[in-house]
Structure formats: C-alpha cells, structure tokens
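My questions all concern the structure below.
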Amino acid sequence: MNYLVFLIPLFPLLGFLINGLLRKQLSKPATGFIGSGAVLASFVVSVILFLDVKNGVMPNGGVVELFDFISFGKIHIPFAFQVDQLSSLFLLIITGVGFLIHLYSTAYMQEEEDQHFARYFSYLNLFVFSMLLLVLGANYVIMFIGWEGVGLCSYLLIGFWFKNNDFNNAANKAFVMNRIGDLGFLLAVFYILAKIGSVTYSEVFAQAPQLSTSTLTIITLLLFVGATGKSAQIPLYTWLPDAMAGPTPVSALIHAATMVTAGIYMVARSNILYTMAPVSQSVVAIVGLATAVLAATIALKQNDIKKVLAYSTVSQLGYMFLGLGVGAYTSAVFHVMTHAFFKALLFLGAGSVIHAMHHEQDIRHMGGLKKYLPVTHITFLLGCIAIAGIPPFSGFFSKDEILAAAYESNKIYWVIGVLTAAMTAFYMFRLYATTFLGKFRGTHDQEHHLHESPAAMTIPLVILAVLAVAGGWIGIPEVFMKDGHWLEHFLSPIFAASYKLKEVHAADHNTAYMLMGVSVTLAAIAIGIAITKFSKKPDLQEADGFGKVLANKWYADEFYDAIVVKPLNALSRFLDNVIEKSGIDWVVNGVGKGVQYGSRQLRLLQSGQVGSYVLLMIVGMIILFVLQFFLKK
Amino acid sequence: MIAVLLILVPLIGGLALFTVKNEGNAKSIALFASIAVLVVSLLGLTVMNTPGDLNCDLSWLPMLNSRFHVGLDGMGQLLCLLTAISFPLIFVSAWRNTYKDANRFYALMLLSQAGLMGVFLAMDALLFYFFWELALIPVYFLSSTWGGEKRIAATFKFFIYTFVGSLIMLVGIIYIYFQAQQSFDLKAWYDLKLDRNTQSWLFWLLFTAFAIKMPVWPFHTWQPDVYEQSATAVTMVLSGIMVKMGVFAVIRWLAPVLPDGFFDWGDTVSLLCLTGMIYASLIAIRQDDLKRLIAYSSIAHIGLMCLAIFASDKSGLQGTMMQMFSHGVNIIGLWIVADVIENKYGTRKLSQLGGLAQKDPALAILLVIIALANIALPLTNGFVGEFMMFNGIFSSGVTKYGVLDAAVALICIILAAVYTLNMIKKIFYGDSNALTQSGTATPFPVLASLSVIVVLIFITGVYPKPMLQLTNDTVDSILKYMKTSI
Amino acid sequence: MNAIIFSAIWGVLMMFSGIFIKVKAVIRNLAIAGVAILLLLNVAELNNIVLFHINVRDMLVFDSFGLLFNSVAFAATLIYLLLSAKDIDEVGVNQAEYFALIFFVLCGVSIASSFNTLLMLFLGIEIISIPLYILTGSDKRNLKSNEASLKYFLLGSFSTGIMLMGIALIYGASGSFAVANMSKIIDGFVPVMMAGLLLLLISMSFKVSAAPFHFWTPDVYDGAPTVFTSFMATIVKAAVFVAFLRLFDAAYGPSLYQWRLTIAFIIAATLFIGNITAVFQQSVKRMLAYSSIAQAGFMFFALFGYNEIAKEGIILYAAAYSLATIGIFAILIKMKDYTFDGYNGLAKRQPLLAAANTVFLLSLAGIPATAGFFAKYYMLLAAIKNGAYLWLVIFAVLCAAVSAYYYFRVIQAMYFKEGDGQVKEVSPTFKIILALLAGVIILLGLFPQILLVHLYF
Amino acid sequence: MPVNYYIFVSIALFCIGVVGVLTRRNAIIVFMCIELMLNAANLLLVAFSKMHHLMNIARDASAGIDGQLFVFFIMVVAAAEVSVGLAIIVMMYRNTHSVDINFLNRLKH
Amino acid sequence: MGITQILFWFLTALALGSALMVVLSKNPVYSVLFLIVAFFAISGHYILLNAQFLAIVNIIVYAGAIMVLFLFVIMLMNLNAEMNLQGNKLMRFAGFIAGLCLFLVLVAALKDAGTKKQMVQMGTGDIGLIKNLGMTLFREYVVPFEISSVLFLSAMIGAVVIGKKE
C-alpha cells in the first residue's frame, strides 16, 4: 500500500491551498470541515499504512521515490518518503492529535473573521503537511524541507494575530532561533554529503560505521544543534515560551505535541550515528537534563497558564533528550507519544480556560474554575496526573523508562531527573490548584461569563484524556507484564543496530521497583504540597529573592540580549555609519573628490602667461633629456 | 538563429519605440516585444535547440580576427531565459505606472535587454566586451532620467565605477588576445595555457570588472545608492539581471580561461565575499529604507554566489547557476513590491509603514512567499540554489577553508532571516497607521506578475531537475578546463 | 600629389573669389565644392589615378597610409564645412581668405602626410601652422582671439626653433635630411642623433599638444573663434600625428626601444594633465581643449606601440576623433552659452542635436558601437602587443574613465538637468548632416574595417 | 676647426635665445630671441654642411650642399613668420596699446 | 693659432656677447641693434665657412629686411626704455636657471661624442657658392621651393587679414 504514501501529505497540502486561496469565499464551517477533514483523511491513510507496517508489509524498506529533487554529479537527492515503524508511529501522532486539535480549533477560533479563520486553518494544514514531510522523508534533505517548513508555520502561527507587535517579535524570534539550529543541521547534511555522498537514510546508516568516530561526533553534534533549535533545548530554548503568543491550539499542536519533538525524531532516526559517537550522546544527555532542570525551575514561578505549560514542555523535551542520550531511544519515542497526548490535552484544557476567561491567561486572576468548567477541569486534572508520573497514567510509564535508563547510565542523571520530576509534579499541581481550586479571583464581569466550552472543544479534550490515561499501556515495562512493552517490539527494527552495538541493560526488578517507588513517592509528595499550599492561598504577590530570578527565567532573555542582540546592533550601526559611509564609500568618493581637487590644483599650472609656459616646457625638455640620456641603463 | 533573434528583437523593438509618440502604444509595444523575446527564448529551450539553431557565427572584424559569434549553451539558455522572463514581468508590473517620456523609457529598457542578451550570448571576447559596455549605456540613461532626487550623481558614480572596471578588463582581454595567437574565440581562450604568474595578475584585470559589477565587497558602494535612486523598474533590471553579468562573466570568461590565477586568488576572493556577506547582512538589518534593505540583501546574495564559484565545485557551480536564475526572479518580485508600496504610500521608510496585511492581504502573502524564497526556504527556488552552493563551498576541493567558509556563510542565512522578517513585520504586520490607513488594494497587473513569480518560485523550487540538467553540460565543460575533478 | 597641387590651386582660387564674388553663399559653396573635389582626387590617387606626374626626387612619397589619411582628413573637412561653413562667414569680413587659408592648411596636411625628408616635414608643418596663427587671430576685435593668436604664434615659433635645432643635429649625425637615411649615423654621432631626435620629438609633441608641451592648447583653443578651434583641434592635429608616425617609421622605429621610456613619460603626463584638468572646467569649449590633449595622449600610443596595428589605429583614431569633435564643436557653435549649464535641457528643445551630441561624446569616451571605441581599442592593442609597460596601459584606461566623467557631464546637462540653455537657429540641413555624421560614427564603430581595408591595396 | 666647437656655439646661442624667451615680456623681443634660436640652428647647419662636405668630398663633389639649402628655406620660413608675427603683434598693440605678453591674460586655467 | 682660429673666436665672442645683450638690454631698440650685430657675427662665421651666399642672404634678409621691420614696428609703437617690460625677479631668475640647465644638459649630452674628431672645412670648398646652390635649388629642390610659395601666400594673406584695419 506504499502508493498511498503520497496521499498523507497531499491532503493537508490541498487543505492548505483550498483554504488559503478561497479564504474569502468559504464560510467558517466549510473551512473547518476542509481543514479538519484533510487531516482526518491523512489520519485514515496513516492508520492503513501503520497496519501495513505492523504486519510487516514494507516493500523496498518502505521507501517510495516520488521524483528526483536535486541531483548533480554523482549525488542524487530524490524526493522520497520512507514509511517504517518510526515514521508510521509519528504519522499517527501527528495526524491523530492534529485532527483533534483541528477539530478543537473550529470552535476555539470561532471569533475570528471568516478570512482569518480560513487563514488559520490553511496555516495549520500547511504545518501538518510540513510535519509529515519531516517525518516521512527518506533522506535528510526532505527532512530538512519539513524541518524548515514547520519552522515557517510556527512563525506564521505565532504571529497569527499580526496586529500585536509583541506577537510578531515572538514569531521572528522563533524563526531566527530555529534558523540558528537549522544552520547546524545543514552543516551536518553537507558533512554527510561530503563524507558519504548521499543523504538517504539507508545509505548513510549503512556506511556510517566506516566513518571515524570524530567525524561522526561532528556530524551528530551538528545535527543536535539543529535539534536544540527545533526542540527548544539549551541554548536555543527561549523562543518556545515566547511562542505562546500564538493561538492556544497552535501551542498544543506545534509547541507541545509535534513540531518540538522533531529534534527527538531526528536523533531517534539517526540513532546509529549517535550510538557510534559516545561523546555526542553524553552531550545530548547533559543538555537534555540541564534543560529539563532549568525549565522546571522556571516553571515553578510562572503565572501565565500557557507559560507554565511551555516551560513544562521544554522540560519534558529535555527528558526525551536525556533518554536519547543514554541510549534509550524507544523510551524517548514513547515519551514523545505520551507527552503528545497529555501535553496537547493540557494545552487544549488551558485553551478552554482561556476561552472561558475571555483571553485572560494569568492564573492569579483565576481560581475555582472547577465548578464552571467541569469537563475541562476533569480532563486537565487527568493530564496533570499523567505528566506528574503517577501510575498507571501514561506519563508514568514513559518517564520512568527514561529515568531507569538514566539510572543505568549514570546515577547522577537519575537523581537530577527524579528531582525534576518532583518539580514537575509540583508546578503542575500549583497550576491546577491555582486555576481550578479555591475561589474565583477575576472580575465580576468575567465571572458572569464563565461557561463550559462547546462540544467541539470538549470532545477532543475527552479523547485526549483517555489517551493520556491509557496511552502508556502500550509500553508497560517487563516488570509488570511479560512482553508488555508492545512499543519496544514494534520499534525494534529501527533501533536494532544501535542496541546491537550498545546493549541497554534493563534494570533488574528490584531496582526497577525501587526507582519507581522513589519517583512516584516524590511526585506524590510534591503534589500534596502543591495542592495544600495553593488551593486556598495561591501566591499572588510578585516573587522576590531567588524566586524573582526564576520568575524572570534566569534572566536568559536579558543575557542573550546583552551578548548577542545588542552587540550585533551596535556592530551593524558601526558598519553602516563608520565603515560604509565614512570608510569604503568615503574612499570611493574620495577618489572622485581627489580627482576634482587635483583638477583644481593642476589647472593652476595653466597660468595664462607665456613665460611660465615656456619655463615649464624647458623643464619638460630637461626632464626628457635626463630621461633619455642619463637615466637609461 | 535563436541567438541572433534574442538580440535583434529587443534591439529593433527598442529602436522602433523611439519613434512612437503615444505612451499607451509604447507600453503595449514594449510588452509585445518582450513577450516575443520570451517566446524566442522558450523556442530555443524546447523545439529549436539544435546547435545550428542556437549558434550563429558570422564574420565581423576580419582584421582583428574577431567574429560575431553568438550562441547558447546551458548557462546561456538559463540566463537568457531569466532576461526574457524578467522584462515582461517588469513591464506588466509597471503597467499602471506613468513615466515621463514613456516611449523613451520603454525603448531604453528594450535596448538594455538587447545588451544583456548580447553579454550572455557572446562567444567572442571582443563581442562580449562590446555588449558588456553597451548594456550599461541604456541603463545609465534610464537611471539618470527616472528616479529619485540624487539619481544623477548616484548613477554617475555607478557608471564611472563600472566603466573603470570595464576598461581594466579590456586591457586584460587584449593581453589574452595576443597570448591566444590573436584570437578572441572562447574556445581558443579555454585552450590557452598561460603560465601561473601571468594568470595571477591577469586575474585581477578581469576580476576587477566583474567584482564591481556583481558587486563584491568592497566594490559595492555604488549599489545601494543606485538601487535606491533609480526608478524601481530600472532597479529590477539592474539587480535582477545586470549584476548576474558579473557572476556569469566569472564563470564563463574567468574561471576556465585563467584557472591557475583563479585558484591562487580563490581564498582571497572568498575572504572578500565572506566579509561582504556578513557586512551587507549586518547593514541590511538596520536599514529603514526598503530599497536600500533589498540592495544590501542583494550584495549578500551575490557574495554567496561568488563564493560558490570560487569553490570550483560542481555542486557549487550548478547551485550558482540555479541561484542566478532564482535570485533574479525573486529580487524582481521584491522590487515590484517595493514599487507598489512606494507608489501607494509615497514612502519607502519601514518605520512609517505597518499594518498593510490588513489592507492588502494579497500583496502580503505574495511578498511573504517571495521574501521567504529569498531567504532560501525549502521548496522554494532559493533553497535549491543555496543548498547546492553551500554544499559546493563546504566540499570544495580547492581550498582548505571550505568548511569554515560554509559555516561563516551560513551565518548570513540567519542574518538574512533577521532582516527579511523584520522587513515583513514592519511593512505588513502591526496595526495600520494614519498613512497606511488610506491604502487600497494592489492593482491587478502587479498581482499578476507577482503571481507568476510565485509560480516560478515553486516550480523551480520543487522540481529543479530540468534546470539542473540544462546547466549540467556547461558546468562539466567549465570544470574540465578548471582541471578539477568532476 | 593630386591633393597638394589642387589644394594650393583652390586656395588661390578662393583668395581671388573674395574679390570677384560678392555673394557669401557662392564663396561658401565654392569652398565646399573644392573640398569635395579634393576628396575625390585624393580617393582617385588612392586608386592609382594620378593627375600630376611630377618628379618629387623622393622628397614626398605617396603611400596608401598617407593617402588614406588624406581622404579621412578631407572627408572630415568636408563635413566640417558642411556643418560650419556658415559660421566661418560670421567670424569676420575676410570670408574668402579664411577659406583660402583652410585650403592652404589642407595643402600642408597633404605634405605632412607624405613627406619623405625633414625639409618637407618642416615646410608642411609651417604651412599648417602659419595659417592657423592667422585663423586664431581672425576675430580681431576680440581680445581673447588676439591673446590666443599671440600665444600660439610665440610658442609655435619657439617650437619651430626647437625643431630646427633638432633637424640640424640630425643632419649633422646622418648627413642627410631624407628620413630613409636617418638610421645611417656617422661614427661617434649617436648622441648627436639622439639629441636631434629628442628635440624633434619635443617640437612634434608641441604640435600635437602633448604634455608638458601642451600649454598653448587650452588657451589657443579657447581663444580662437570656435569654428576654427574645431578645425585646428581635429584635422590639423590628426595630420601632425600622422606626420609624427611617419617620422617614427624611419627615425625612431629602428631604435625604438631607446625611446619607450621617454614616450611613456610623455603619454603618462599628457593623459594625466589632459584628463585631470578637464574635470574642473566650466566651459565646454575649454573642456574640449583639454580633452583634445587627453586624446592626444591616447594617439601617442600609436607611436609607443609602433607597429602595423598602430598605423591602422591612428587612421581610425584620426577619423573617430575628428568626426566626433567636429560634430561637438558644430553644436557648440550653435549654443549661446558655452558653459556646461548652457546645455541644460537641450534634449527637450533639440532632441536630435542632443542625440547626435551624445553619440559624439560617447565616441570620444570610447564606448563600444561608436568609432571612438575601436580607435581607443586599436591604440591599446598597439601598446599591449609590445608587452612592456602594462602599467602605462592601465594608467591610460583609468584616465579614459576620468574622461568619461567630463564627457558625461555634457550628456547629463542635456538630458537630466532642467534648464533653458538657448540655441541659435539651426537649419534642417545642419540637422541632417549631423545625423549622418552620427550614423557614420556608429557605422565605423560597428565595422571599422570599411575604413581600414583601404590601407592594404 | 672641430665641429664640436660649432655645436657648442650653436647651443650657446640657442640657449641664450631660450633665456630671452623666458625672461622678457616684450613680445617683440621675445620674437627676436626666437629668431636668435633659428640663427643658432642655421649656423649649426652650415657648419655640418661643411663637415659633411669635407667627409664626402671624394665621393661627391657637392656633398653637404643640402645643409646650406635648408638654411635658405629656414630663412624663407622665418621671413614669412616675421610678417605674420609682426602683424599679430601690431594687431594686439592696436587693441591694447601694449606689447606685453602678459598684458593679455584672459585665457588661463 | 692661425688667423682662422682667431677670427672664429672673435666672431663667436661677438655673436654670444651681442646675443646676451639682446636679452639683457632694457631698451628694445638696443636689443634690435645688438641682434643685428649678432647676425653680422653669424654672417662672419658663414664667410669663414666659405658659405658666401648664405652670408650675404643673412645680412640682406635678416639683418636688413627682417630687423628693419622689427625696428620699424618698435619705432611705430614708440616703445622705448621707459616701458620696462622685464619679467618679475623670480621669473627672470628661474628663466636664467632653466636656460642654464638646458645648456648644461645639452652640453653634457653631446660632449663625449665623436664630434671632436670631425673637422669642418674652413675657408675653402665651393658648395657655398651661389652658382652651385642655385643649380641644386632649381634642380633637386624645386618642389619644396615651389611649395614654399604656398607658405608665402598664406603669410601674405595673413598679414593682410590680420594687419588690415577694418
């Protein structure tokens, strides 16, 4: 059924084109139908393909070549798709979660004018299209196309409300930071091309063992630079919280469930390269862990409902990289999946809240929403539990798998990981408690208008809640259930080479129980503290001391501003005013002025007096005589 | 036949236009002539592409052993196509503009097209020089007659500057002519083997002219002023096609003729290119004038092309050719938008604009696409060219610094994103102000030509194969003379 | 020989015509007819139809080079008279005499282009010079004309003195005035010869206004009645160059390598002073005077290169430069204000004049598709062929770029500046001839061989 | 007499003429100095003519005669020049009542 | 030292001395007179070289006709010593220096030539006789002779055009 592959990206593309071109003609329901329908269609095809893959129907390794994209000399870069276990899984996540979010959006964006509504859906479709390209690509260049494409869509959607210049700035920031990462990605691609002469996965991975470790390290590090950009890791993470400027479903889809996991997908895809480059692996693990901690600490003190979720996303992404870094590729992919469910759920829930609060996002003005938004409340709570890692919710399985692998790799990783997990539980329940428990603290007017969201919004919430609860059961560890880890079996062909190269030891049962116990206990304690502390008396005052540092995100933006933005601007000003205007151009004009000045002076020779003319002629004669008679060799 | 027609049609059209008095007629005739050129060019690409059709070798100056030898190879086809496509686009986009003495304006435009065609077609060095200079004269008149207040001085600087370069090149051409047994024939020049020292200094005689034309830093200072001051339609010709003359000339007339000099100076020139790219990109960031911003972005792009040529790599060269076409098309699109905005709002200052996306969403969308193509987003034409160029630079076999060059050059990609997005933001986003409140929808001809550009962007961006195939043989033969492995 | 004799006869005829014919137009047309016949006769001689068989005892030699140049010079004179003959009438009362003097100058030109001994060179140059002193001063009430005439005369005689000293030394060293014998130097007289040649070179440089012996040029060209400046700056100058090149053929050629440095110095100085000084001029007429110095610098390359190409080149240069400059002067005469500002907005009122003027200026600047390009091109070719002194060539092209600056100032004024520069009445004939002249320049710019091919018969 | 005596005498005369042209402002005197230069050349020509006569007398009885004829032509030309030159000076004197070569100084720069 | 030598040095001294006086005299009339003296001295040289025809012509044409013409013009213009038209000091100084330098350069250029060895025929030889000159002039040099008529014609026209009062 490989011939169906091209349909998967085609539907969203068509949706994009139709909605984009006919945005003034189509009514909102039509737009919504086309937009969501396109993704649903893709989902259906994805499911078919997934079943094929599951049944091992993968002719030609799942690779489908559509046409020759770029080819020169001996290098051919085909426009090819690859449907295998990894991509088919991601296809399901993208189209599935994507469809839910599209559906949700039809209600959420109802207030927009017709054409902006259509614009929104066309962007969203375009995003799905790009994301599918990213995942489906059978080589790094196609992946890069999707890679940049999702960046573009992210840019467009963050700046969706383009009247607000802060949003536009956030969009620009997101795009530029992504580009910095893309630079690394591109360099890696060139490196691969130079060393292997191909960018097709199968060939690259087949020939990778012939490359030296240092080459592989460079390649993988460069790829990872790309990943830090797209997946918001240190040092390129600051765009993601700002990206919350976009509509909330966008945050759910792009900045939580799909796009930001592109980096994980890429590393997982290139797992063999990383496995052969241990230094890069460590870097990935450490950066991931550091990001996880940093983002978690920041999240502790945020008061914007979406910002908290954003930092939580950054933190969870850090987890995934930790997983990749310690070689637990399956776990990372597993966490991508569960994270997609519960984080999408959380964002959509937050969206529901924001919708109800008339675009109020500050949790200090909320509280007690439990009774006004029952469905939202329940689903949100389930999401919180899932992310906090309480069994048997999905987050528990995936997160603990990563922590277990980290423990095997390095105990310190585990310790920090567990503390971070506790912090996660804490800030999530701080958020939950402040928002849903206690008394309503908003204006009377807001209170008056509080209402549960329409069905188009609650249905996705419910479905996602179900998935957030149960999604983890496809990866039940061996400890609980023999052969329970269905996902691991499913994905094993992808990571087989890596695992063969470097065995990942599963922790023995006792250790496994111990690890789980510690993390669950810590999480539970954190939850308890958070609930008790914030349900009655949320911290409404401005943070001070260390809290202020956290509230200000470790002053990272200010830091970047001081070391990158300001010097660049100064340099630009210097080049423009000094080097350009009074340097190079001055010289160029100076030549012209010099000629004019020379002319003004030289014409004085022409004094108009015969005597001086004769004198000069005689001098000339003397010079010529000297030249001719005495200066020749 | 095709080659001669490509020159003759615009030439005759241009000369005929001087006699036309009615402005409306002038416009139509110019458009008709330019479309005729496009048809000829397409004919050359498709049905009439035997060497006999594409080449023409007539006796011209028997005493100097120079022949009227014009012909089309892959690179020529590509650039002639660019030239042929650009002019109808320019004419259509300027359909609603009124120019004083319109007949002269359109006549000169067509004459410049003839000159440009000649440059791309010439297979004889003297003929090449002939057209090289001739293309400049109509543009000189165009830029000086129509445009901003300081146009005369700016154009004059440009003219003198390029004239200096051209004359120095002439010295080099004559020198090589004598070395090649008094022949101007391209083939004879390719087969010529000069000793390394001679090549080394000859290189600069030729390269200076090309560098000024492109322009490569630090020979670029004429460019922002001229682009800013000229009428925008003229700027399109200048930046869309004319600067390609320099790039083209390096590939055809410099690299294969003086390969040793080319290699010896490769690193030096690359350094200039890199400096220029970073420099221009940084300056572009703080430009408030739309035209100046595009001008500086053009410098950065051209720098990249030049850098890629000097990488002497197949990928780089093919990418450069691809990019010559893409950049030509894209930047014309940007200028069209700049023109529309200036006509509509009477200002090019970014700080005075804003919120146009509300008033004019069609224009906004088209500009965003073109701008993104300009910063080489995948699936646009810019990506293919830049990808291949970067790859060429990265894996260049002639320099030790290939990786470094590529890495530094990639920084410009980021900077390009910064200023391009800034530009989009300041023009289209934000709330509209008193000035932009009055905006009306963009006239249809402009949207039509922009749409054509967008279509081209995607066609060549998604399926670049035909273009790559077109230039493949040219690149191979040039590389053969450059003695590097293919 | 046809030309020498006929021009002398017609000169006398013109002289007397002033007495017998009172209608100015008739005299004018007589002169034009005379030049036309002169041109025909010369072309005839180029095709071996000789009317006068005189034993010239090897003092003159009529080869295709000299004859071809004569044809160019006569053709240029014909165009010059067609364009500007009316303006000659207006200079003073002695209309017929002016025409007579022009014919005598043409006689001198024919001698200078065909001399074979230094005596004929001397006579030729003097026959050219003396009428020019007079023509320069012909606007007698105008103090500028007086001044120019005096300066020209004094400096010209001075250079004659230098030339004679040089000839005397050459004679001492070789025992003959025949240029063919100049390479036969008596034992121990090489320095004498060299000193003689150098003095001769200096005086010839003076005549072609090469630096540093150019000082008379701007003042004289500026002061002389414009219509005669045109004649002086073009045909006469080119003729002296041709004479110079002939001289090189025999005298300097064999020992050329010894002269290169000196000539390089002269070229560099000429180009530099001519071009740089022209930049600041406010009067177009004076600018053209400096430009003629600059152009002389380029023509000097023919001597520097000294090869077959140089011969072709000097003919082409003579044609290109003369024709273009005649055209520019013809238009300049019609202007009421000789400054650059006087040209402001000319393109509006007189588009044809402006267009033709543009072609002429482009030709002078050496833009392709005009005759001036190939003229300069041949000069560079001649210079580079020898391989040495590439720096000089580069310097020359840089100066050529400077020249574009001042030529284009006129174009700028005509086309891009607003203004109401006044133009005198111009007749349709004038316009037609101007257009034809522009056409000829473009034709020569595309196919220079139509002229040069006559060198080889 | 060795010919170099004549050479030096001629050069001396020539240079005196040059100095005269350089230092005097009276147009007539300047012109006279130029005549002096011509005469220096004449003297040299005659001397060379006699030298060549002496050298080649055996071969050619009239050797060197062309030098003297050249002097003749120089005198012819000089006479013509004088007539024109004095006319110019007189013309100027009529207009300005001065023969100072620097008096008229409108053409410069 | 024979009589020829003595005469040579005397005439040389006379020529140079009077030439110098031409330059130095303040009164133009004196200058003219000194120039005539110089021409006579040069004519003396011609006689010494047995170029009798030239000697006579020099006296008749130069000293006689031309110089008288000069004198005539000077008298006509009533120029005398009061109109001191010496150049300014600096210019004069520079002029002298330049002239001197030119002289030195020329002498230096020509001094080590083989010219010392070549003798000039003094006192004898018949090429300077009018008969021989005439024969050659009208046989060999008839073309330039005729051509010089053009020169005279133009000079004549010139004198008329320029000199005639309108």
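As written, the chain order gives the labels A, B, C, D and E, with residue 1 at the start of each chain.
Everything that follows uses one rule, which is that contacts are C-beta pairs under 8 Å (C-beta built on N, C-alpha and C of every residue); 3 or more make two chains touch, one makes a residue touch a chain.
Please read all numbers here as calculations on a predicted model, not as lab measurements.
The set of chains in contact with subunit A as well as subunit C comprises B, D, E. By the document's definition of touch, common neighbours of subunit B and subunit C comprise A. Summarising the inter-chain contacts, the pair of chains with the most C-beta pairs in contact is D-E.
Of all chains present, the one whose mean CA position sits nearest the global mean of protein CA atoms is B. The greatest centre-to-centre gap from subunit A, using C-alpha centroids, is found for E. Our note on geometry: subunit C versus subunit E, Cα centroid distance of 32 Å, whole angstroms.
Subunit D and subunit E have Cα centroids lying 6 Å from one another.
Between the CA-based centres of subunit A and subunit B the separation comes to 37 Å, rounded to the whole angstrom.
In terms of their C-alpha centroids, the spacing between subunit C and subunit D amounts to 26 Å. Multi-chain contact residues of subunit D (touching two or more other chains): 3, 7, 14, 17-18, 21-23, 25, 30-31, 42, 47, 49, 51, 55, 63-64, 66, 73, 77, 80-81, 84, 88-89, 91, 101-102, 105-108. Shared contact sites, meaning residues of subunit E that touch two or more other chains, fall at 87, 91, 94-95, 98-99, 102, 106, 109-110, 113, 115, 117-118, 140-141, 144, 148, 151, 154-155, 158, 162. Within subunit B, the positions touching two or more other chains are listed as 160. Every pair of chains meeting the contact definition is listed here: A-B, A-C, A-D, A-E, B-C, C-D, C-E, D-E.
Subunit C makes touch with subunit A in their complex at residues 150-151, 154-155, 158, 162, 191, 194-195, 198, 201-202, 206, 211-213, 215-216, 218-219, 258-259, 261-262, 265-266, 269, 273, 276-281, 402, 405. Of all residues in subunit E, only 87, 91, 94-95, 98-99, 101-102, 105-106, 108-109 touch subunit A in the complex they form.
For subunit A in complex with subunit E, the residues that touch the partner chain are 611-612, 615, 618-619, 621-622, 625-626, 629-630. On the subunit A side of its complex with subunit C, the touching residues are 595-596, 598-600, 602-603, 605-606, 608, 610, 613-614, 616-617, 619-621, 623-625, 627-629, 631-632. Per the touch definition, subunit E reaches subunit D in the complex via residues 4-5, 8, 12, 15-16, 19-20, 22-23, 28, 31-32, 35, 38-39, 42, 45-46, 49-51, 53-54, 57-58, 61-62, 65-66, 69-70, 73-74, 76-77, 79, 83, 85-87, 91-92, 94-96, 98-100, 102-103, 106-107, 110-111, 113, 115-122, 125, 127-128, 132-133, 136-137, 140-141, 144, 148, 151-152, 154-156, 158-159, 162-163, 165.
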